[in-house]
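What follows is a short report on a single structure.
Order as written gives the chain letters A, B and C; numbering starts at 1 within each chain.
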Amino acid sequence: MNQALQLLLAGVAQGCVYALVALGFVLIYKATETVNFAQGDLMMLGGFFALTASVIMGWPYWATILFAVAVMAGVGMLIERIVLRPVLGQPAFTVVMITIGVGYVLRGVVTMVPGWGTDTFTFPTPFADGTFRIGEVIIAVQQVAVIVMTAALVTVLYFFFRFSKLGVAMQATSQNQLAAAYMGIPVRRVNMMIWGLSAGVAAFAGILLAPVTFVHSNMGFIGLKAFPAAVVGGFGSVPGAIVGGLIIGLVEAVAGRYMPEGFKDVAAYVVVLAVLMIKPSGIFGETAKKKV
Amino acid sequence: MSFFKVENLGIHFGGVVAVDKVSFEVKRGECYTIIGPNGAGKTTIFNLIGLIYPATSGKLFFESKELTNMAPHKVADLGIARTFQNIELFEHATVLQNLLIGRHRHRKTSLWQELLFTPSVRAAELAQREAVEKVIDFLDLAKVRDSLVAGLPYGVRKVVELGRALATEPRLLLLDEPSSGLNPEETDDMAFWIEDIKRHLGVTVLMVEHDMNLVSRVSDRVLALNLGAVIAEGTPAEVQAHPAVIEAYLGKTA
Amino acid sequence: MRFLFKTGYAQDLRLFKHGGQVFWYGLLLALLLGAPFAVGEYGMSQLHFILIYSIVGLGLMLLVGFTGQISLGHAAFLAVGAYTEALLQARGVPFFVSLPMAALFSAALGWILGLPALRLKGIYLAIATFAFNIIVEEVLARWEGLTGGNSGLHLKPIELFGMDFGGDAGFYYLCLALTILSILALMNLLRSPTGRAFVAIRDSEISASCMGVNLATYKTLSFALSAAFTGIAGALYAHKVTFISPEQFTLLQSIELITIVILGGVGFIHGAVLGAAFIIVLPQIISLAKDYLPSNIAGSGLQAVVFGLVLITFIIFEPLGLYGRWLKIRTWFELFPFYRQGMFRRQKSYMKSERLR
């Protein structure tokens, strides 16, 4: 029973990170129907900025979060403006390849920054090593913090999309750019802000992940697992990204515990192939056919 | 034995009944037109016949062979070809290549032969080319033969779409709004071609159309639909004078 | 300007459109045949890789450029070809049997990947293919009994009909022959019904199937053929590097493979070869440049940055790739001084959600 609970918690905590990365690119996908393969690397960069704020500039944890999120939002907007806007309207595959290129550049540039380079860094958090007990179960404060913070962010985003003007505008551009433009929505600026938002969310995920994987230039590869998360939950669905992330996290935790070695790493991918064969639209996704 | 029969065809999308138990029969060699105001379900019926949407009720028969759940490519093999309302051409290929794809059901070469391009493949290719050139002659497409479809004007693309369907050597041709987007001259050409297709190529034509002039000119019989159900059937003159049809298009006098 | 005066349908079927093409390609062939006598060992090695990756490029071009599918997992087929060759050679199977077997196994795996691909498009297909790659890589690493796991496998030089193809020149001619055969096979496909069916699927699946193209058959065929080409390249690759292990066939490798077709020019056969040449030569240029750059830039990250920047620049400024750029230059000379700006410009389109149309 204890083990089950601990497994559950570990799975959910890891799943939260996947969920956040998945959330980041579902936001971009919803808005521009493009997939950002560099989401993991944005997360990595966010981790590095937070690290700099924390270790080099000595700021408290909460300040580093705000700093990293703000800086990454700026980076996200910059990437959209410079790299993605020129290819507005081109087929999805082209844009995917451009984001892959962006990922390469981010990874490479990080190794060139003095003080960052190719080393691995630990990231100090106020929760590190803390534990508390509920009955017989020992729970790491770190894991609970990840879950709570993710939940808080998701709630904030929900209200944003539902009730704010920008959120509604984002939904419009995601369905029909030309029509949205005719309605007076500044499509290009909205796209830019979505990228900013997405990158900010990625930074948040990076900070939550940093204590587990440490901060290093290849940290973003974990972001690949967010693809299965988004697919399982339903690509294009925000609650889907969260649910999908949690499911993948749990599947991995279970696979790591009960299956032979090596299965944990591929579990997510086996799951995604299965989902793609049976119900590609995932749990919350929409299926639609082209009208001829 | 009827040539083409539709029996109680129906489809609903959730609660919306798009096509409501429609039945009709097309005789060999005639030109049968479906008319109706917007939203009547005409293109939906076409998509049902072309097996792009699965019907929720009803059956389709082509010369007593049941089509109801066949795959679209098998329907093409039987000799039924169609054009699309919103033009579904192969944009990054030339007109010639588009028409040659129409010959797909007549291919006789295997993959290995093609990889090696044996003399039999060469002969087959030349034969296909000759067949396609007949269509190009018929539709006056010689000038644009080697042009990429993507750059062609709308009227020409509609003709290429017709040509591609003709290249399959169909027995039944489904035309989805052949004159939409065409100017009067082009519509005239289209009328001539449809008559020629019917009389000289011996192809049965089933079409959906809005332009009543074109309809009166080329159709043998007309089916009028409104809100997914049949409201009249007969010769063009009969249908145009039918009170239910007039009401559907123009409304009732108070 | 050159005018092509056509007098028969057979002319359109020819591989070479006019005498000029025969001359230039003939010259290229002569140069390639003479290369081992003029180029040193280092150059030979680069040529080996260029030819091997050209074959992969051709396979990918068939799948991506001509059938409109996506694959971010082609390293898996490279791996299957390489491992099949290694395992068969270790058991004494002669090369002229093991090579087709490598192609066959890759094709079978490609066909299997094609099955889920029937219902998937766009990003879903991309994700399925890279999930596939990761799973295959892991299977190769875990199935130690067969593949030696992470310790990898070694290969001996190729011996075919008693002749040794292990040396630089011998291996080169073998690769060259296979590359030329692959190009011819692909060109033959494209001027026959199967190739046209592929292009139809790329441009409009619905009307392709209404024209009688069995989507299931042709999509899986495309994957199988593409994998077969890649499998052949894999077998050659295995002999080139003489030692293979699962970590040579990762997702990153797959991404490199797909950039061959993007940088070369999607939809052009020449693009496969040009793209392959580019990605082999690029790291060499970067290495040379490292001597002139400050130390923290000239580290391991430089290649990633340059690679990413090249990819981004090409996609934004030269979407038709290297071959596209060559076409523009050549047309400029051919039409001189009547070249019009924007002859190759593509229509700008606005995204309408594919999901709800």
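FYI, contacts are C-beta pairs under 8 Å (C-beta built on N, C-alpha and C of every residue); 3 or more make two chains touch, one makes a residue touch a chain.
Only a predicted model underlies this, so the values are computations on that prediction, with no experimental measurement involved.
Using the average of C-alpha coordinates as each chain's centre, B ends up farthest from chain C.
Legend note: the chain whose CA centroid lies nearest the centroid of all displayed protein CA atoms is C.
If you average the Cα atoms of chain A and of chain C, the two centres end up 32 Å apart. Here the spacing of chain B and chain C, counted between their Cα centres, is 40 Å. Averaging Cα coordinates per chain places chain A and chain B 48 Å apart. Shown for chain A are the residues that touch two or more other chains, namely 292. Of all residues in chain B, those touching 2 or more other chains are 52, 84, 88, listed in ascending order. For chain C, residues touching at least two other chains, in rising order: 206. Across the interface of their complex, chain A is touched by residues 64, 70, 116, 119-120, 122-124, 126-128, 130-132, 134-135, 138, 141-142, 206, 251, 255, 258-259, 262, 296-297, 299-312, 315-316, 319, 348-357 of chain C. Listed in rising order, the residues of chain A touching chain C in the complex are 29, 32-33, 35, 83, 86-90, 92-94, 96-98, 100-114, 117-118, 174-178, 181, 217, 224, 227-228, 231, 235-236, 261-262, 265-266, 269-270, 272-273, 276-277, 280, 286, 288, 290-292.
Every residue of chain B that touches chain C in the complex is listed here, in rising order: 50, 52, 71-73, 75-77, 81-82, 84, 88-93, 97, 100-105, 107, 109, 111, 114-117, 121-122, 125-126, 128-130, 133, 150, 164, 168. Residues 9-10, 12-13, 185, 188-189, 191-197, 199-200, 202-204, 206-215, 221, 267, 347 of chain C are the ones that touch chain B when the two sit in their complex.
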